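Presented sequentially are two complexes of chain A, the first with chain B as partner and the second with chain C.
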Partner chain A sequence: MKSRSRNIMIAVFTIPAMIAIATVFVYPVIRTIMMSFFTIDNVVSRMSDWTFAGVSNYVQLIQTPLFRQTWVTFLKIWVFGGIVIMCIAMLFAVILTSGVRGKSFWRAAIYLPNIISAVALANMWIHYAYNPNWGLFHNIFSALGLESLANFQWTSPDHLFLAMMVAYCFGAVGYYMLIYIAEIEKIPQDIFEAAKIDGSSGVHSFFHITLPLFRGVFKTTITLWTTGTLGFYIWSQMFSSNRDASAQIMTPMYYMIRTTFGDMASAHTETNAGLGAAICVMVMLAAGLAFALISRIFKNDEFTF
Partner chain B sequence: MKKALSLVMALVLALGLVACGGTGSSSQPASTPASGTDAPEAGSLSGTIRYASMWSETEAQADVIKAAIEDFTALYPDVEITVDWMGRDVRKTIQAGLDAGQYDLWDSPVDAVLPNYTDYGYDLTELMAAENPVLGGKTYNEVANPTLMEAVKDAGGADGVYAVPYTPTVIGIFYNKDQFAEAGITKEPTTWDEFLATCETLKGAGFTPMSVDDGYVILTFASYLGRLKGLDFIDQLVSDTSGALWDDPAVVEAAEAMQELWDKGYMSVNSASNKYPAGQNEVAMGNATMYLVGSYMLNEVKEITGDEFNWGCFAFPAPEGSEYGIEVNTIGMQALQVAKNATDPELAFYFATFFTTGEYDKMMSEQTNSIPTASDTEWPAMLECAKGVLNSTTVNVPYGFGIQSNADFTPIYKEQIQKLMGGQTDAASFLAACKSAVTGK
Partner chain C sequence: MKKSKSVKEIQPLNLKKEARLLPGYIILVLWVLFEIALLSWIVGASFSTTKEIFSNQMLQSGLHFENYIYSWTKGNMGKYFFNSLIYAGFGVSGALLLSAPCAYALSRFKFFYNKALTNLLVLFLSIPQVMVVLPLYSIAVKYNLLNKHLTLLVLYICLNVPFCTFFLLNFFATLSRTFEEAAAVDGCSPIKTFFKIMLPLAQPGIITVGIFLFVNIWNEFFVAMIFATSSDVRPLAYGLYSLIQAMSTNGKWAELFSSVMIVVIPTFILYLFLSEKIIAGVTGGGIKE
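After this line comes the complex of A and B, so read on.
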């Protein structure tokens, strides 16, 4: 009797959350999957106006060179950006936990870009750091007498991807650094002390104690990085112009938004929300695949101290 | 007891969630009908207008519209106007509102919406030809700018007229008149050869003749080729997956003309890396002389130029053997559409004409530095320079002669043309890259 009433209470208290999950998560996912098999002029079109299109949305996407290129761009961001961000974040984390002076200042300073809107950050980079006439890089390299570096055209189409990644990594490092700092601080100090007594150097301890104990947090950060990269689009949009997308830096998500809602410049372009939905499904599948791989690689690697 | 209380709480929570899913619109009566004893034409117009606006409530345009609403509802106290300030997203969401019969009037940039929403619109042809009470008995056609009306008809794609235009813009080459004078140039170029000569003179006088940035870089090549071969050709050029047209002599000529601009030193050295608005700022700061763009640019750079800057404007020059002369240009504008199933289409139309002509046309033009809509409204001094191009335009073509009609081609083309005009690639590589973008090989 008692346990039954308890179950009722559990049910009653979870119902609001369940309703919320069903309306804001389950329903949109199911609707998106359905939409991906239809041709839909406008994302708000009524279901009666949808035209069944089978898998033609998927076929069309796969046959579009620009869309295929967005996945290459995604992979480039995922691999190169991932390596750079994780390595720098790890380096900072190790330095900041090694008893360096002014630790909280550095931690706050490096994390700071995370609390500034990406739109503001991107504008700052484009117009104040990369500007070929008075930008930060131009001025610094000119002052150092490095003319060829001072005249480097950061935002020309050929270098736009590099410029975007430098700006993005700059902002993203702090976030992962905080996670790593928390993880390092979880490792009991006596392990390091014991190693030190046994004659292990700082670098040796890092590779033989810190890194092996880090597998769990790697799993977390790689998962976060993967979802973040799959949803990557604000930076692409900001580094494109106000009117048109730039091919080199287009990601699947940016392509989706452009296809579904149109660009500023795509006034004459038809939008197809079905196509956009098909991209979402692809991204969803990619995320599922990535998670499956990640949990396979990092199996049972949680340590408790 | 406690259990009952928890149940009630849970229910309240759940209800709260449902209630949160409302429309969230900020609809608010702009004015409640007063008794209207002393209004001049009280009772002559009455009813409700529900307007979905493309402006955000904080924009200068919204202030003008609000003033117009206040005035209109004071003149006609039995009229009630409600506005949803939807901002530019209106074009993404308006369809649901129209399907549900929620609005009588809505607006958007003309080529973003009109072609797709003609079916939802009310044909205004008859109303425009009839006597209009808010225009003091004149018809709308009498005060309308004929160039704009042609453009609206073209954009609608149907036989009737489906929109009331306002805040027009025109695309042309805007230039620093003082630098022209200093270099001794007295005549604006009308042909490509004259244009090159102008560039040469400017360069000789120590000026940088032209600048671009990634915002409008697509226009120059497109305008050259558009003049030369016309709209259908460009449409085919970007959509034909065989890519054969990219070998056409005219396309090669256009690409080489762009390369020539760089090779001869007519382009700003930053052309390849300029991010919008860096190119137009170069002109505004006097570091370059000419820039191909829409007339709205003058207002965008006003903070830099101040009010005294001496602007000039001419239509994109015609290369030899052009199919389209300099009377073919791109005119943009906002379009107000009356919904087909509006509760009172006439009333909505009268209000649309009220705030796009006369006093409010002037106010809009002054406060937003835009070209006035009606033919009899005075132009802001800054924009006088564009008057010649706008009024001499007889044929309106889409932005960039439609070169952006293939959304999968545009991002690649945009990068390639900026490289070409910025000296980072040559005409042959540009053509090869564009060709492979349309063929997918």
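After this line comes the complex of A and C, so read on.
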């Protein structure tokens, strides 16, 4: 009797959540994978109207130069953005755990951009910070007498990618900083004290104690960064809207949305939702590949205190 | 938190230590000053006229609250505001209602699909939302569910279940089992134990994840863009995006910036009071070690 009531309770507690997950994750993921092997006139076409196409959607995508370019853009964001964000986040984490006053204020201030809508934030950067006449960068560099930097055209097509990355990284730093701070605070302080007694400087301790202990959290942050970059999309849309096609910053996800739902769908004479699904599957495969590589590289790195 | 702050202020000023930390202070001050400049300019611009913004003479003719009135009424931001409030409020409650019991069962009981379900949750945590949108969109069209408040609400609830459950799962795991044992000895049924004892004990975790989710749904853009094409059901962030498209072409810049402020102010106020909770939401749920 007791075990029966226990089983009923487990069922009542887990089944609603499982239905939710099945509806918005399990079923869509399976159907997306299936869709990627079919030619589908419209996203909303019924399954009986699909025409089996084998891997031709994938072949067609790989043969599209614009689509190949989206992966180059992805890699550029992943590598450059990743290095810049992780280094600055680590720098702030080290500064904030070194005993500065007002730690919780600084921490909250640096994380602040993360609670502001990306649309609002991108708008501040595009229309204020980067404005060539009265923008923040213009004013700062003018005040410092650096005229050439003051006249830098941030939002011209040539510099748009840089402008987007600066704006994006400025906000993202806070998120990774929080993770690094939590990890540094997990390291027992007596390790540092023992090192100090043995004559290790703060910088020396950072490279020989903190960093080696950090391999586990690097694994976590690289994984998070990879998923984040694969889904990278709103910032491209914000920086690309109202621009010539050649100036737009196309990530795989942005390309998928534009061709399936957006203006690029109507521009083509024949649309094929199978292509969009194939892009989704490619992104999922890229994520899987990245996870496999990451867990191989960081095979023995799980430090728990 | 306030107590520990005042204790810190009492610490004597150790000049040698502060001098060593000086480079750190300089970096922090520069970074935060830049951020303040960025945010305060938007505040200023939202109260100025478009002409003042373009001639770099903000706030010369006093505070123009009419920008906000224009955004709120003619710009539809008022409507979007209440839509967002509905989605964020009910979305958080719904996600918690589904997740909290599931997380409790997963953390406390052994059953045959426990491990499978936990692994699935972690898997779906790392799938970008764009992955699931095509089939969901086709369902919505097929059953005429586009542009309905309920559709967006259900999506916001369900899409947040993995994060919410995973976060609470870790939280329940930190609670001692002695409470349940004592309750069982006193003849309290497991379901009653959950509602009367464990749920109140888990309140800090539930509040943390709830606030974190509230901010996320408030700022949500992507699902809204696909499922809310009509302005009647649009939440703020996507509403702002459509306004930007319109206002920047017809030159209503001051009204555009006051619309930005309408999106930012609520989360900013929430953050002023609850930043510690929101920050705890990141480090509690984000780290999977």
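Assume the second predicted complex is superposed on the first by the 272 of 305 C-alpha atoms of A that agree within 3 Å, B and C clash if a C-alpha of one lies under 4 Å from a C-alpha of the other, contacts with A are read in each partner's own complex, and residues count from 1 in each chain.
Note that contacts are C-beta pairs under 8 Å (C-beta built on N, C-alpha and C of every residue); 3 or more make two chains touch, one makes a residue touch a chain.
Given the structure is predicted, the values throughout are model-derived calculations rather than measurements.
In the superposed model, A:A20 lies in contact with both chain B and chain C. With both structures placed on the common chain, the touch criterion links A:T64 to chain B but leaves chain C unconnected. In the superposed model, A:I257 makes contact with chain C only, not with chain B.
Of the two partner chains placed by superposition, A:Q189 touches none, neither chain B nor chain C.
Using the contact criterion defined above for the overlaid structures, shared-chain residue A:H127 touches chain B and also reaches chain C. By the document's definition of touching, both partners, chain B and chain C, reach A:S5. Of the two partner chains placed around the shared chain by superposition, chain B and chain C are both touched by A:V44.
Looking at the shared chain after the overlay, A:D244 reaches chain B, while chain C stays out of its contact range.
Between chain B and chain C, C contacts the larger number of chain A residues. According to the touch criterion, the shared surface of chain A, contacted by chain B in one complex and chain C in the other, consists of residues 5, 9, 12-13, 16, 20, 23, 43-46, 127, 133, 241-242, 261.
Residues of chain C touching chain A in their complex: 1, 5, 8, 17, 21, 24-25, 27-28, 31-32, 34-35, 37-39, 41-42, 45, 54, 56, 98-99, 101-102, 104-106, 109, 111, 113, 117, 120-121, 124, 126-138, 141-142, 155, 157-159, 161-162, 165, 189-191, 194, 215, 218-219, 221-222, 226, 236-238, 240-241, 244-245, 248, 253, 256-257, 260, 263-264, 267-268, 270-271, 275-276, 278-279, 282-283, 286-289. Those residues of chain B that touch chain A in the complex are listed here as 3, 6-7, 10, 13-14, 17, 21, 91-93, 95-96, 99, 109, 111-112, 115-116, 213-216, 218, 269-270, 272-276, 278, 398-399, 402, 404-412, 414-416, 418-419, 422, 424, 436-437, 440.
For chain A in complex with chain B, the touching residues are 5, 9, 12-13, 15-16, 19-20, 23, 41-46, 63-67, 126-127, 130-133, 153-160, 240-248, 250, 258-259, 261-263, 265-269. Those residues of chain A whose C-beta lies close enough to touch chain C in the complex are 5-7, 9-10, 12-14, 16-18, 20-21, 23-29, 31-32, 35, 43-46, 91-92, 95-96, 98-101, 104, 106-113, 115-120, 123-125, 127-129, 133-134, 136, 170, 175, 178-179, 181-183, 216-217, 220, 223-224, 227, 230-231, 233-234, 238, 241-242, 253, 256-257, 260-261, 273, 276-277, 280, 283-284, 287, 291, 302-304.
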